[in-house]
């Protein structure tokens, strides 16, 4: 499956455009993400951060350009392969996307059931991930009865429970207080340490400052790579 | 309607409890909010901030204790009066609560239609509030096609379009980058300057630091009033 | 002012139908189908009824006059018969006429009549019954009433035939009406349930509207209008489809039925209107039940 | 392994039904109602058919033998008649028997027969027709075939009566079958539409499951099971309600119908099973259409 020449780049975008009926959300984006890289995507509201992530897991098709995930060209992937592509990813959606008719436990277990794991394994795994986000007592609650931050922690738990190759985290701490946010960010860094490729879309300055890794800056759908790096590097050394 | 003795307290809570089937979300909360006060509510994830706001607009009934809004006892209000109570409030919900089948324009106009304003007035008013949040070009878009931050700005626009007496803002800048957040916060302060009572639930340290006003700290459903004030006051003077 | 608000509500209802075209199309089709079922059965039942009626019209009582009644007394007898409640008409037939008819009817056995020296048949009255009297019990009572007249020797009526027909009549009427009622109720519930399923996807919208200060009337009115519109549109569609099928069926069947004595007719206008009214009511009911369930904050 | 997965899917389906009790109850009730409509009409139609059949059984051809046929030839004639295609039975009736019966039938005109010197009636055969031959055209052909036999003087059959009955038969059969078809299709669509409305509220769930890597099979299977379960449960419920109504109606009607010659029967088991199968199919169809629409990512 892996393309030899680019073995170290798990994600490659070549001149990717994303156009909606009324306007462009992404214009000519070319980015490579190395295996086990930690990439941060930032930019103002509506810049295209979420859209960029969406293209990677085929939440939407790109309008133009090529996207390679682990050597697979997304433009040419067969419909039947899409679920398997998506299992490479663990995604924290900006709006959580928890299934309202399933309990917290069921929402998280779903990811493992989908891949056909044994139920005894699923039980252990879900319990452990719920413990790490401090939500084990609420496992039988439905998402609507959780606070915003609790939902976000469940979204995190679901994203990581399958030990994915790539974690896409869209504003993963937007609803969390500083302490909870730190816990989540530390967990993400831990996964990164274990070899997971990590892409975090955020505009939280604190996270950008505190997290080691490359940052790309989107503005109005365009990549403004260099400017950000200059702006940020000193922030880290502060 | 106004209770003479407490004319200056538009919101009063006496020993309010909120219990859900499995646990308590609020325990023995007593707070008064003066007319035109700016009150900030903070606390960790799941502390009960959103629940506290919910009780004020009767999104849920309190389990125990008394709540007075502008002299009206919420425990005794007749069903028919509830809509009129709610029109006193402009609410930015943590999860936005935009109607998915209505466009941005329709979502905002709804607040004015509900109160029976003329359609020419509604048009002007909605256009102007859309302009202040920088979303006038997207007025015919549906909420799902907006970015997280854009949705939050629409939620803000809807909350303020009716010039409410009280604005309840639940994490009003959680999905916004620093610049947009500043714009929103400045707009909120402007409304405050014009006499609106403002309650902001947030765990964003930057906002807490930059915003003048009383802050109450919730933890596990309990008020820990003094501790916060001590912790915060110096932060403002920094 | 008031009419302005109402116009606004109608606008919102129509807009909502247009915004949710798929769901509304499915709802309207479902309504149309259940109305089609009810009205098709109604049509069937009405025509079966016509058929039975046309048969029942044939039921008559034959009253045989005794020999002593003279030509002049006949008008008196007729008057007496006509005075009996339930008698619609009475037609005199002389013994000669009767014999002629009998000969005709029994062509094959005509030999029997060749050796007759005199006409052994009596004069008769053929008594037709009014519509209300056309059931078995009534016919029996009438017959015995006629028989008590001194000028009448005896009466005859197709006892067994009437018994049969009456039994079948009753059965058909009973089960037909029962079916109509069942179909009707089923349709009302199908329509109402469909509207409930449709509005289930609106819960969130209802909730949000309540939270921004909408009164119940403000929320409900457009949805009532929507549900009622769907009921009307679905009902009319159902009736139109039925009418088209009716025209097609009738034009194909009537040739093969040229020998038959019945004419297939469409549902009478009042019934049609009643059906559409019921469809509308069902829409309203579905809306009512939905709100009863969803708006309890 | 495979059966384990399937069990898991069934568990998920049942759980989903329980989680969405209200929606599923409404769906199942709607399905039950439309199945009730179809099967109630089916029951009605089956019994009307029985009734018509029992009348039609009465159609027979009377063959009058000519005077020259001797007592010994009669068996030959019977054989010849029975050889004709479409004849089910032939019963000889001597002229004396015929006269006796005639006298009985015409009690009122009995005076006619008192003056007879000899029996003017012919011997006859009453010919019964096989089921397939019981329509007007066939009866005419058969009658003329019988008439060509040298021993037969003439034949008689209730021409007008058969004509009438045949026309009505055809009409009833035609419209009844058409109605059955319409009701059936309407029910399939109502069930399918109901399932579609039900699954419309699941769009979000489908989407999310796709996003976390569920294959289409994984998503669809439990919902197919759910839809099929609903179809089965709704179908069985509909049939049960019909059966209960049937028992109630029959026990009430049969007294008033003691004089009638027909027995109301329930739908035959195979038809019942077919109806439930169709209900199941409709559930499947609704699910299929839903997925066709919602899963196009």
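Letters A, B, C and D name the chains as they come in the text, with residue numbers starting at 1 for each one.
Just so we're on the same page, a residue touches a chain if its C-beta (ideal position, glycine included) is under 8 Å from a C-beta of that chain, and two chains touch if they have at least 3 such contacts.
It should be emphasised that the depicted structure is a prediction, and the values quoted were computed from it without experimental measurement.
Among the remaining chains, the Cα-based centre furthest from that of chain B is the centre of D.
Mean C-alpha position of chain A lies 62 Å from that of chain D.
Centroids of chain C and chain D (each the mean of its C-alpha atoms) stand 22 Å apart. For the pair chain B and chain D, the distance between C-alpha centroids works out to 67 Å.
Of all residues in chain B, none touches 2 or more other chains. Multi-chain contact residues, meaning those touching two or more other chains, do not occur anywhere in chain D.
Under the stated contact rule, the graph of chain-to-chain touches is a ring, a single cycle where every chain has exactly two partners. Applying the touch definition to all chain combinations yields A-B, A-D, B-C, C-D.
Of all the residues in chain D, the ones that touch chain A in their complex are 5, 8, 16, 19-20, 204-205, 207-216, 218, 297.
Residue ranges of chain D in contact with chain C, taken from their complex: 22-23, 26-27, 29-30, 33-34, 36-37, 40-41, 44, 47-48, 51, 64, 102, 108-109, 111-117, 120-122, 154, 156, 163-164, 167-168, 170-172, 174-176, 178-179, 182-183, 186-187, 189-190, 193-194, 196-198, 200-201, 245, 249, 253, 256-257, 259-262, 264, 293.
By the touch rule above, chain B contacts chain A in their complex via residues 20, 22, 42-47, 49-51, 94-95, 141, 145-150, 152-153, 170-171, 174-180, 203, 205.
Within the complex formed with chain C, the chain B residues making contact are 57-59, 80, 82-84, 86-87, 89, 91, 93, 97-102, 110-111, 113-116, 158, 162.
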